[in-house]
Structure formats: structure tokens, C-alpha cells
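These are the structures in question, set out in turn.
Presented sequentially are two complexes of subunit A, the first with subunit B as partner and the second with subunit C.
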Partner chain A sequence: MNLQFLADGILTGAMIGLGAIGVTLTYSILRFANFAHGEFIAWGAYLALGVASASGWLVAGAAIPIGPLSFGWGLVLALLIAMPLTGLLALALDWALFARLRDKASSITVVMASFGASMALRNLLEFLFTSRPAYFSRELQIAIRLGWGVRVTADQLALVALTAILVISLNLVLSRTQIGRSMRAVSENRALARVAGVDVDHVVRVTWLIGGALACASGVMIGLVVQIRPFMGFDMLLPLFAAAILGGIGSIPGALMGGLVVGIAEALSAATVGAEWRAAAAFVLLIGILLIRPAGLFGARE
Partner chain B sequence: MIGFASYAFFFLTTALSYAIICLGLNLQWGQTGLFNVGVAGFVGIGAYASALLTTPATDAHLMGWGLPIAAGWLGAMLVSGTASALIGFATLRLRSDYLAITTFGVAVTIHLIALNAQRLTGGPYGIAFIPRPFNEVADRPLLFNGLNLALVAALTFVLYIASERLVRSPWGRVLRAIREDERAAASLGKSPSLYRLQAFALGGAVMGLGGALQAHFIGFIAPDNYLSSLTFLVWTMLIIGGSGNNRGAILGGVLVWALWSASGVAIGAIVPAEQQARAAALKIVAVGVFLALALLLRPRGLIGERTVVSRHLDE
Partner chain C sequence: MSAALAVTDLVAGYDPGVPIVNGASLTVAAGEIVAVLGPNGAGKSTLIKAIAGVTPVQSGSVFLGEEDITRLPAHRMVRHGLAFVPQTENIFTGLSVEDNLLLAAGILKPTERAGRIAEIYRFFPDLARQRRLAAGRLSGGQRQMAAIARALIVAPRVLMLDEPSAGLSPKLVEGVFARLAEIRAHGVAIVLVEQNARAALAIADRGLILVEGRERHEGRASELWGDPRVAELYLGGVRA
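Moving on, here comes the complex of A and B:
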């Protein structure tokens, strides 16, 4: 069997993993399944597209491809600017909606509010940009042969490297710094953490910033490899949840591993059953893990 | 005048079919606190099941058994209820969010099956020639629409009475007890997961019936009828009307459907044709903001839940 599906799956898995980290963080620290997280992916991609077009318009060389890659430094700059912007969008949504419901309503009401917010945010994108797909770059890329029948493009290699850098640095932050310790404390026991002097509101803000920024990175990756559409985030939602649950809620390495499992399963089902069924792979995995081991592959039992 | 009355009948028929879906959702959410994000999926299961059972034999899709309409509707309730029971079995013993995530997955997967399993479902072309009730008088629109309205109104009434009786029965009290305090209910010997499963399956069956009714009144279904915007619309209906109250569910269904179709007519009349897709997107944004505001400002809805202890006690 051709191993190409493995390369495709790892790339898709990296994108799912980055988004799933945000889902797993909000789930473990704010304790609700955020259905609007997919929209951070889509909004992140459109924000980056806006900055990249602006930089290409201001400075002539911004869009000239770097070496074998299909994009120029304009997109790198756009990613660096759009990541905090998407984090701010997540913060704004929390301020306007979730924070107000969190204290007075049941957690499931917050989930419902996130469902409404996702509908509104997605359709706002469709209103602003129509459903026509957009692209960061129209450069063609020649795939590199890696052997065993596997071909990858330079972009794909760069994106997998970017994912590795982001996840490793995030894991270092969470395990080595004060804010990381506070985040883990709030996720273990919110009330006890507050009593121990942890600034819970600060932890909540940092959680949204990290989740939004990683979602933006995931959106830019999807935009580069596939295309930018208003529904791009919505289509990621089921894989994101499947990956977060598969990896065990609250676990960052788990979310990435879960993302890789879902990504490879999607690529495998596309290669064997047919590409039109790839979205069902995440659902099958989700039902399987809930029936067999609801705490996830890497999580501890509650 | 006759045209207007005929349209009003048709409008009310559709609105009441949404009210029936809302009654099903109210049983799941309003009474039991189960968050179903896959309403469109269960409505779709009912619509497809009934269509496949009742359409005449054809090469476009499998089955087509040409059964009577009533058999199709019963089949729709059965298939939708069974699907809900299976999903409930997998998720109801877990945290409440897991049900939301899984039902969301159900809706995505059902849409995928409707779209891609062309042999079974007709694929993107959908299923046509679904028999319509009272089709023999279809050439007299006023009578035809009036009879259809009478039929759906009678069904809504029966379901309303049944739901009210359930709410006031010992079974309904257990549901609310579990919703309010699961541990207390469990300590009294009631199995929360079993009761939840029953409520979820029953609610799913009612939604499936609602979907089947819509399919038969229109006579044609396609996969894109069952997208997440349908789920969203039904949720908005229930929250605006008042979840936990069966009358609220019916009121919300009719009222929100009226607003929804009126704004659709307005967009069709005012907005130029090439901008209509954008205007439709803005309409959904408006409903999303509306739902969020309702959750923030008036979570009880227009007529919220009343405290019901027992039908033997005066309120």
C-alpha cells in the first residue's frame, strides 16, 4: 500500500491538533465545549489574509516566495499579527457572552451560547467575504519525493515544523512557568486555586489568547494547503472535538496526538473508502472512544 | 382573498410542523436538560425514513415501497427514536457536553450519508414524488391546504396533550428531579441514565415525526434541508417561546417561523438578486445575536416553565 496517506494524515493531523489544543484548554479550564472554536480558525485565516494583502500592497516584495516555499515574508508577518488578533477576538467573545453566562447559568447554557455565536460569526464571514474561496498564494509547488512513494511540498514540511515549534514551546510554558502552573491549578480545581491566591480571571484571559492564537495558526495552515472559506472552521469542528476527547481533556500532548490520529484516520478513509466519506472518520473515532474509553487515550479517569 | 387564505393555511401548516419538532426538543432539553445539537440530523432521519417507505418504486434510490403515509410516519418515529436511543446509550452516562458533541457529529454524518449514499438516498438530487396527504383534492388549493392544516393541527394537539400528561406524570417528575439534582434523584433509587435515555429517544421520535410531516407537505427533500441552520432555528424557537413549557414550544415555533419567513420575503423583495446570498447570511447573524441576547436577558423565554408538582395539586 502507498504510504502517501500517512504524510497527508500527519499534515491534516497537525492542523487539527493545533485547533484541538484550544478546545481542550477551554474545556478543562472554563469547563465547556466551545462550538465557536472552529470560527476562530476561520476568522484567523481571514485576518491573516487581510494583513498579508495589506503588506503586499504596501511593500512590493512582500509576496515574493521565500526559497522553495509558495509564500513570501508578508504571510509570515501576517501570521505573527493575526495570531494575537484572533486571541483578542476570543477574549472579546468571552467578555461579551461567555463571562456573563458563566456565573449565573448552567454550563450547558454556555455551550448553547457558543453554538449561537458560531452561527453568527460564520455567517458574518460569509456576509463580508461571500462563500467564494480565497487563497494566500497561487504559486505552484513541485513536490519533493521522500521515497516509498511519498511526496510532500516544501510548504507542508514548513507547516509541520511550525506545529512542532508551537506545541513544544506551549508545553514548555505550561510546565515551566508560573502562568502554566496557575493554569493547571485552575483546571484541577477552580475554587481551591482561587483560595490559594491564583488570579483566575488572568488565567481565563491567557487561555483564550492561547486558544485563539493557535486556532489562527491552524487556519493559516488550512488556507495555505487547502483554501480559505467561511465554512473552513465549521468543517473542522467535529475533528477538533474528536481529537480533544481522544487525547484526554486537558492534555496538550494528548490533543496533538489525538489530532494526528484523526488526521491519519481521515486520510486513510479517503484513500480506501473514498474522499467524500473522510468527514465520517472523526465521528466513528469519536463514538468508538466514548464507548470504550471516555477518558481518552492519554487522560486520567475522572 | 382565497389565495391569501390558502397561503395562510400553508404557512400555519409549516409553522406547526416546526412546533412539533420544538415539542420533541422540549422533552429533551426543557424537561430533562439534554442538549441536542443534532436536531437537523434527527429531523432528517425521520424525513428520509418516511420518504423511502412511502414513495413509489424508482431507480433513483433504494426501497420506495409505496406504503401508506401513516405507515411512513410511524416508521419515521421508529427509526428516529431508535437512532436517538443508540446515540443516548453511547453518551448519556458521560458528561453533558459529550452528548452535545456527539449529536453534532450525528447531524454532520447524516448529512454526509444523505449526500453520498446515492443508492439509498438519491444523493444530492434528493427524493421527489413523496406522496402528499389529500393529494386527490390538490387541484383545489384552499380545501387542500385547509385539510393539511387540520391534520397537522390535530397532530400538534395530540402531541401537546400527551406531552402535558407526561410532564405531570410521575415519570415527568423524575425527569425534572434528575435535571435539577441528579444525585438526589439517584439516591431515591431512580436511574438517571435510564430516564434520560427514555426522554431522549422519545424526543428524537417526535422530531423524526416533525421531519416526516414536512417532507410529505412539500413532497420533495434534499440533503441541504438538514444543515446546522435548521438545528439553530429550532433552538431559537424553543428558547424564545420558553423552554420547559409545551405551550411555549408551540408559540415559539409559530412566532419564530413567522419572523423567519417574513424576513425571507422581505429580502427577496428588497435586496437585488446577486446580493441575496449575503443578505441570507446576515439574517442568520441576526438570529444568532437574537438567541445570545435571549439567553442573556430573558433565559425563560416568552412563557417560561411553570412549577408543576402534580396534577392533583392546585397551582
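Moving on, here comes the complex of A and C:
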């Protein structure tokens, strides 16, 4: 058996993991499961597409592929601009909806509100861009042979590297900076964090910005290796939550590891029992791991 | 000289119709320890939580020196120099000892943080040795010291502690209270809410007996300790 499934699974897992980090951050700081997170992925991809298209019109050569990659520096610039924009979208949704319910409504009310927001954001995308798929690039890529039957494209390698850079950067922010310590403190004990001088509202804002920015990166990755559609984020929702729960809700390394496990399980089942079983295989694995470790791979017992 | 902390006619509680603190007043001078005692349910913990901005204040005033800090949010109280150590869950167990201190030092200028943490480590050498350890792995006495160290990082003018002796052995209580006496010697005003009246009055300068949300008796610690009415009525005969 060749190991192609491993390469495919790592790439899918990286995309799921980046999205799951946002889900797990929101859950641990704000204490609710945000079902609108998938829409940040889709909106992030469309925002990046908008900026990339604009840069292509404004600057000649922005769309010319960089070396073996299928995309030009216009998409790199688009990603850098769309990430904070998606963060701002998440912040705006919090301001318009979640902040008004926080501390006043039950958590199930907030979760249902996130379902509503998810539908509204998704339908707005469909209204604006139709459901026809869009692409960052239509360039054909020649896969590189890595040995053991594994072939990957330069885009795939670049996206795995991007995931590694983003996760390492986030880890450094959480472990070495004041805002990172504040986020960990609020996640553990919000009341004590306030007493210790932490401005919890500021931490909440930063959490939305980071979660939105990572969702955008995930959306751009999906858009680059698959396609851009209004439903692209919604389709990712179950794998995102599966990864976040599998890794241990609230754990950043857990979310990434959960994403990789789900991605590799999906790819392995597609290579062995058939692509139609990929989602089922991932969830059987999820149930199996949770039966052994109810708090997830990296989760702490309540 | 104005008091470091002056609380006047404070009414506080979660439900506006049912105040838990009902017109309590309290003053503490710099370098003084005031013990707040009383039976269970008297409102002792709610009183200092209300002062610290954790429990909603319905009326009354809280002054820190000349500044009116009534109803300031809890995170801004610290910036004004009022530190609070809750009774339970008073450190972040998932953070290392050093990260607990760095977190609290966040309101200081970046150039001041390292120096202040070094000072705290000199004061609590045990914590310096365990700085890399997750705070959740500290023993009960060390946790209490870490919680006090976390509160002291900002060099507060007023330090308020909610039952620091809870769950500790008599020897550890002795150690914690000895530290409080040293902190007082640095000019910090301390408000000490305690069930352990014997230990609290032994180090306090003054005591205040709270009943049904307001002070019923107030006086020098030695006088309160010797007053049989106070011991019988409100301290549950703890002198024995």
C-alpha cells in the first residue's frame, strides 16, 4: 500500500486543524460552540478572492505564478489582507449578536443564534457570488515525487508550511506574550482573570480576531486545493467540531492534532474502503478515541 | 491622615431586592491589618468582593485614599492599587507560577516587570524555586503563597484576602499569617476576612464583627478577643 493517503490526510488535516483552532479558542474563552465558524472560512476565502482579483486588475503580474506554485504574489497579499478582514467580520458578528446575548441568555440560546448567523452569512455569500464555484488559480501543477509512492504539488507543500508557521506563531503568542497569558487565564477562570487585572472584553476581541484570521487561512487553503463555494465552510463544520472535540476542547495543539487525525482517517478510508465512507470513518475513529479518552487527546478532565 | 481604604454604608448583593451587605462601613490605614469576622452568612466575603468590584454595589462608597473607586470594574481596581485574593480558585492552575506572576504584572510598565518579579521571588524564595512548575501542582500552603504573591506583584496599597487559612494546617496558617505581618510592615493596608478568629485576631490591629451584612462590633483586636460577648455571640466560642 502506498503512503499517498498520508500526504493527502496531512493536507486535509491542516485545513481542518486551522479551522478547529478557531472553534476551540471561541469555546474556551466564550464558552459556547460557534456554528457560524464555518462561515468565517467561506467569507475568508471570498474576501481573499476579492483582494486577489483586485490586485490582478490593479497591478500587472500579480497573478503570475511564483516558481512552481499555481498562484502569484497577489494571493499572498490577498491572504495577508483578508485574514484581518475576516477577523473584523468575526468581531462585527460578536458586536451585532453574541455580545448582546453574552451573560444574559443561556448558552443554548447563543448556540442557536450562531446557527442563525451561519445561515444568514452563507445565504448572503450565495446572494452575492451565486453558488457557482470560483477558483484562485486554474494553473495546472506537476506533482513532485517524494518516494514511497507519495506525490505532492508545490501548492500542497506551501500550504502545509503555512499551517506550521501559523500554528507555531499562535503557540508563541499564547505562551510568550501578555495577551496569550491573558487568553489562557480567561479560558481557565474568567472571574479570577478580572481580579488579576485582565480586561476580559479585550481578550474576547482578540480571540475573535485570531479565530477569524485562522479561519480565513483555512478557507484560502481549501479554495486553492479544492474550490471556493458559499457552502465550503458549512461542509467543514462537522470535521471542525470533530477535530476540536477529538483533540480536547480548549486545547490548541489538540485542535491541530485532532484535525490531522480526522484528515488522515478520511484519506485512509477513501484509499481503502471508498471515498463515500470517509466522513463515517472519521466519526467512528472519533467515537473510539472518546470512549478511551472522554476528554479528548489533549483535554483536561473537568 | 486619610485612610488607605474607606468604605461607607455599603449595600451590595447580586439581587437588588436582597442585599447581602447591608450598610457596612470599614476603614483601614496604611500598615494596618483589619480582621473582618462574623458568623457564617454574615456577608464577610460579599463585603470584600463588593469592594473589589466582583459583586454589584447598590449604594454606599468605596474610597482608595482620595480616589472614589465605587463600582469600578474589578480589572481596573488593581490598577488603582487594590488587590484581592479570593478564598478558592485564587491562582491559575494551568499556568506556571512565573506565568501567574507575569500575568498579574501585565498592568506594570514592561521595563518594571522583571524587577518586580525578582523582588517577589526574594520575598517568597519557595516560589522562585518552583517558578517553572504548573501552579496546580503546588501544595496547599504554596498555592496560598502564590496567590498572595500574584496579588502583591502590582505593589498594592490595599490587600484584601478572603479566608487565606481555609484548608491549611495550623502550621501552614502560621506561615501565611507571618507573611501577612511582614507585608503590613511594608506599609500595605490589609483586610483579612477569616473564620479562624483566633489566628486572625492574633495578627490583626483591629477587628470588625459583621452580622447580617453590617458591623455589629468594632475595636482593637486584643479588646475584641477579650470581650466575652463577642466570643460567645459571634465567634462561636473559638477562644477555647
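As a convention for this text, the second predicted complex is superposed on the first by the 292 of 302 C-alpha atoms of A that agree within 3 Å, B and C clash if a C-alpha of one lies under 4 Å from a C-alpha of the other, contacts with A are read in each partner's own complex, and residues count from 1 in each chain.
Assume a contact is a pair of C-beta atoms (placed from the backbone, for glycine too) under 8 Å apart; a residue touches a chain by one contact, two chains touch by 3 or more.
Source: prediction; values computed, not measured.
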Partner chain(s) touched by A:Met119 [first = subunit B, second = subunit C, both, neither]: first
Contacts of A:Met15 with subunit B and subunit C, given as first, second, both or neither: neither
Touching partner for A:Leu246 - first (subunit B), second (subunit C), both, neither: neither
First (subunit B), second (subunit C), both or neither touched by A:Gln178: second
Subunit B versus subunit C as contact partner of A:Gly197, first or second or both or neither: second
Subunit B or subunit C, by number of subunit A residues touched: B
Touching partner for A:Val160 - first (subunit B), second (subunit C), both, neither: neither
Touching partner for A:Asn189 - first (subunit B), second (subunit C), both, neither: second
Contacts of A:Ala48 with subunit B and subunit C, given as first, second, both or neither: neither
Touched partner set for A:Ile222, first subunit B, second subunit C, both or neither: neither
Residues of subunit C that touch subunit A when the two form their complex: 52-54, 73-75, 78-79, 84, 86, 89-95, 99, 102-104, 106-107, 150, 154
Complex interface listing, subunit B residues touching subunit A: 33, 35, 37, 90-91, 94, 96-98, 100-102, 104-106, 108-109, 112, 115-116, 228-229, 232, 235-236, 239, 277-278, 281-282, 284-285, 287-289, 291-292, 295-296, 299
Footprint of subunit C on subunit A - complex, ascending: 178, 181-182, 184-185, 188-189, 191-200, 300
Residues of subunit A touching subunit B in the complex: 27, 32-33, 35, 97, 100-101, 105-109, 111-113, 115-117, 119-121, 123-124, 126-127, 130-131, 234, 237-238, 241-242, 245, 274, 276-277, 279-280, 282-283, 286-287, 290-291, 294
